[in-house]
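Structures are listed in the sections that come next.
Shared chain: subunit A. Partners: subunit B in the first complex, subunit C in the second.
Our next item is the complex of A and B:
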């Protein structure tokens, strides 16, 4: 008896960590993780058209990429953003720390607010862009495309701040489109009408809370919802049930990518190469070279890359500029070369589409200054359109235009309309 | 009496590559090989019935695809099967695996450190940048910086331009890379010991240096420059063992009309009035040739095969001082079943890749301490593979061949030659390490071949058993390899060339030295090199 009682706890002690270890090892069997919403998405995935988003199995489309796009613009679209990298940054020095890391003045970001920002290495090259959520005076969430833990931890040395990667622990949904507000109201999120653009607040959900912000990547009325992974499915169900009569649809990335291009928003490692991934050093970009110069706050004190950015500005060492283009015709100019006077190569289109909202052929392009900066006349793009195994080569006039390509009043209307 | 257009001493992979290119240029080429088989250190030998042993080199990645194409090696049977990663076993019963999938790799690292998992991208970026800088140099003759010949100036300019094309940060990194220790280098990216140990092994393989010795960072780079059929950085098994590489080369050579004589050990190079005239075989036979190319390492070539009086003093002194130190051995094992490693899930791809047991930088450095003291490492560093998990042609069904590369093994034991008892002690250090992680391992052993530097030198002819024919430290690279002034495959003797790994760009089953030497020889003969593909572009 005595033997058995001694033995039993000993065995449990050894097995428990071993089991946890075995469980952690098994990731090599599933190369693409599912998100906390995966069971619901799998059930809706009729096209079975997946891509790899940061190690997650994410849908390009679920049933029809055209109609998914129109769900964003005419109804409400639900898009799973869980694979986005999320860091929880907390501590009495969190504000000062983030002011040192990122470009914008975090002191101006009040608790309950979100801003779009970017961060650079010491040479002033952009490491990534992302959204910074101020959840309390001392607690933030930083969302980004790439991973930055070593960079953040190294920058935190000497600060009263903890940085924790919480990508897997937190599920995220983007609910975007004209009826998105109505869906949230119908789902019982009382007080959501108070959220102005870039506001965030916590709402009760399923015995816990969900953080809802009036943010998004579509240029439309929309919200983003962050929820602990274990409450993810109940949140999905709550929205889908409430949204049934409001035309809610789950969507994949292709539709979202169109909406973001109309909104004139850039995507890291699609429209520019992030500094920690650029093998070729001439691909590195400063904020001023990818349209993020507006974020730079030279008054707030030192931040990573400040000296280099300032020097590049004063010595006119900025070599590139990212612009919006409007191209004649309706053939998308994806990855087309941009020419000056139809002959001199001056840049490349990184994203392009015919915009159903703007009814225009639009594009984002990186140009070599002064083209796109002070020289904006006589620009052309050469479109190679593959049609039944033949390139139809088109030389089309391109005009530099302001971004966003579309501006929707409903995005910022207060309170949002009940569509 | 027949005089061959060229006689190549040694049928290793570089000798055969060289011979192939010369033969295809229209020369009448003879390869003389002391063993009864060709292959040098790239062989597959049936040392026990039914089992093929890759008993020296054991994995393939560095072999230049341009050479494979020129010499039609796939047509002559060469096939490389890439493997899927590997693992380092940790002493607490776990392991750290490397996976080909980027995200699986990150999640695996995150089991040990989330920070280090996310540091990998920056590390990969920096290593890739350096590889891209060096890779184009592999297939070019290093310029002679003291020469004013237009070609040397042109090549120097090319090097200078490449270097000047780097950003200030990259230049600094390049210089650091070529001089610093792999341990210091990894400290800049990672903080977890097992993760550093996992990467550090590529920095010390084949090198008589420890992970904390300056210069080992470059050795890591050398191992990252390869590919398997376009998959950059990948490693694989040659189907049929590493002998498949030289078998294909020999077949290609013969198909183009070349002649190979095995069992023909060269005693010395015939020299007359400062010019190589041929070779004298150990049996007493003289074979004449218009030129002689040595695949043997620089020490063997100039300290054993050529009489001292024929060579300048300074050259000889530098050859004597060339660092070609024995540092490793091999234990090749035939197994009657696949060993089990309880720490590793049964379906882990690591079984098919390279496995290691050294989970800390300190253990690695301590293993090197033994080498300095003239002992084999009590706790050696192993690079262990079981190629039969992917290549069924090397062992009977259900049975396996295991190759263990073992470091460190000094060229002499406390100043004295290796004895059979030493060799057995060395083998025991290896077997006991494996058995610690694989219960019942000893019972699976059917046959075993143990090769200390003594055996490797005696059979393959590599001085001190050094697998690279000379250390890959910066003082022995580019225009300093093997010795200053003689980095362009020529020697002080007219008509005597070098084509082995002692020459630029160095060791590994790469073929580049053999190819580059052929290009220089053909240039001297004013023959076309149009059958030689230039290095693939790095864009």
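Our next item is the complex of A and C:
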């Protein structure tokens, strides 16, 4: 049966199962936790520009957000992803359990592979999206934006599986950019060349192991590294030393956020509101409404939300659609309203930027169907550009375009080039 | 391989009603019963050589007229006439008992004339108000997401009925709806015996004391029931409750239903969100277009379907259905009929209630909140063999009692406590019928854990889910799924765990069958 456990730090005596659940996710007791890499990040934080990422003190930027962005695209960028919620899911029923919870078919995910997935509540509304790492036939790591322990434990009723929160116990780093492969090779991770996109493997590190996957949130060549918290600093140092001549730089979220937008990737509670956060009923989103319909596997057996999703599809009850937009001009259309024929409000831009890589003015937007779905002509965005204490209102033509906005061959090249 | 249109899991009375109604619509129906005999908790069973008794349900007071009519139960041997109505006797240790005659006290004896007048007014009011709720407590609950024209019209009728009460009465109806029964009784009555009896009836089978908020609803539920065309009436069926099941079975078999006993279902087979059949304990697999579960809803979802075949939120709801019973069943084989003090012959053939005052009932309830049984339990007693000698050897007598409060989750466990509880019950009986203990040839006490094991009722709860405001109507068995269908297509719920609830009414079974027919399932 499912049980709530936790590795560290040690908790006080627990009597009732309810207490055990609370104790198993006591992250909220400390305000603005530091990650296992915090000493190194604090030392590099020249802008002192912090934000709250799931209760952790995380940097928006460390020294210069523009240059940090270009570190991703032309060097190697090191980004601390430790605040990401991580669950260790293990047991003979782990695959079946995850198949019931998440949208994609986990049976198709082989050990040593990673896939991007999402999960829904009974009504088919998205609770979160995240990545699922299959570490062995019976062991997984699920990474997500929000915390889900009670949902996962209740989903485990009747299954031989343990679900354990390991957010604090495991540190994570994203190493992204064209020289990231070379950095890993220089750092002595022998065999890292074997990793194809979405592969993962374990490598020796400091008397223990580090799990390296060829994954990332940038659309670039890149890797993610997961390490026990106590080996975190030695991993950081190993990469920084090896990467010195490869231009490795620590970065903050602003730079990463730009890269992910170019890659066309969405962020929970930025581009859509997760079901447990939404207060207004029309803010809830089904996977088909945020571009995640491709994950839904109706052939695999039951999964949470299946009935509702199927009904919405057959009864044509899907009301929104998330699209990529290309907007004329070069002024970012951040949070601009989208219009049909310049007058009828049909949606909102959730993320926008001038893309240095695509050389296009790009955006992600949520539109009310049929706009963005069958009606894609004559769409406009209204941009309020603040110019010396005066808004300059711009009505710019928007074109629905394919995501990702950029496609880099080096992301999938095998073996990656030694830049 | 034989294939059926519908497979009904559970041969309790609701399962049989559902099966019979479905078969009458032209469907090929199979009933699978786990036990060697059908009838569930509404059987007549031999508990000592020559002594037979109604297994759990022992007073017939709510067999729904639509069920009687639809299945033509009168043609199948069930007959209840006015003459069969039995009185309720509120026993007292300090004096003569008080007796409610006819259909729930059309006449009251043993009370002062002012109390009789007060009761006349109160009973009329209670029946009037229960009458407003009656349609709600029989029809399929309104579907809030998609109300049909028929449902809207029915709701409109209720609104009209409320309006017809008149302004004052309507306001009072709304005022008292969620009250506790003790406060309402204190407003209008003075006789503790009468108040005790009503407090007992309101809380029978539930986890409530008379002073628990909403306890009046239990009394309305009781009074929304009728037999022989009279609201609130009660009878002891000849041959025990099993006779009612026999009549329903006859109707079902006449309609072409196949009944297989000793065939426990191990699994409901679900393929791509649709129930397609069942697998029996012996491995046999049977397919059908509709699977109708007339057993406990939690057992159905968590054990037979399995949590992985439904959504997590639904599992949470199902797991949260409260169903820990508080009622025990006592069957005594007596070598001669007992004599309850001050009770006449007609009274002995009725329902004898030990609940001397609302305070007494409340005090009996108190320990059960903390996992302990009542040291002075309250109970309703029947002596069915007096009117039906076939139930006992010549000259001997059967005593059947439903006793509260016996919490399912007893702190000390029922193993060691059962003899202690029996002793407490016998002490009560001895007080009201001196000498009865010496006449006991055999006793059988079924605690909620025994009822759970023997009749496959989780928690030993005969409603298969506590019948309180939060678990009634649109919230029964769980909110969002109160209309007998389930998130698993082709799987329907037809037992007492569904609206309106437990008691031998047949209404959940009837409603479920009608729903399946309406959905062309």
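The criterion applied here is as follows: the second predicted complex is superposed on the first by the 389 of 419 C-alpha atoms of A that agree within 3 Å, B and C clash if a C-alpha of one lies under 4 Å from a C-alpha of the other, contacts with A are read in each partner's own complex, and residues count from 1 in each chain.
We take it that contacts are C-beta pairs under 8 Å (C-beta built on N, C-alpha and C of every residue); 3 or more make two chains touch, one makes a residue touch a chain.
Computed from a prediction, not measured in an experiment: that's the story for all the values here.
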>> Just checking: does A:197 make contact with subunit B only, subunit C only, both, or neither of them? Give me first, second, both or neither.
In response: neither
>> I'd like to know which partner A:376 touches here: subunit B for first, subunit C for second, both or neither.
In response: neither
> Touch check for A:157: first (subunit B), second (subunit C), both, or neither?
Replying inline: second
> Which partner does A:408 reach: the first (subunit B), the second (subunit C), both, or neither?
Replying inline: neither
>> With both complexes superposed on chain A, which partner does A:278 reach: first (subunit B), second (subunit C), both or neither?
In response: first
> In the superposed arrangement, which partner chain does A:310 touch: subunit B (first), subunit C (second), both, or neither?
Replying inline: second
>> Based on the A-chain superposition described above, do subunit B and subunit C contact any of the same residues on subunit A, and if so which?
In response: 123
> Touching subunit C in the complex: which residues of subunit A?
Replying inline: 96-97, 100-101, 121-123, 151, 154-155, 157-159, 298-299, 301-302, 304-307, 310
> Which part of subunit A faces subunit B closely enough to touch in the complex?
Replying inline: 18, 21-22, 24-29, 31-33, 52, 54-55, 123, 146-150, 153, 165, 276-279, 281
> Touching subunit A in the complex: which residues of subunit C?
Replying inline: 270, 272-273, 302, 306-316, 319, 487, 489
> How about subunit B: which of its residues touch subunit A in the complex?
Replying inline: 93-94, 97, 99, 101-104, 106-108, 111, 114-119, 121-122, 125, 128-129, 132, 166-167, 169-170, 189, 345, 347-349
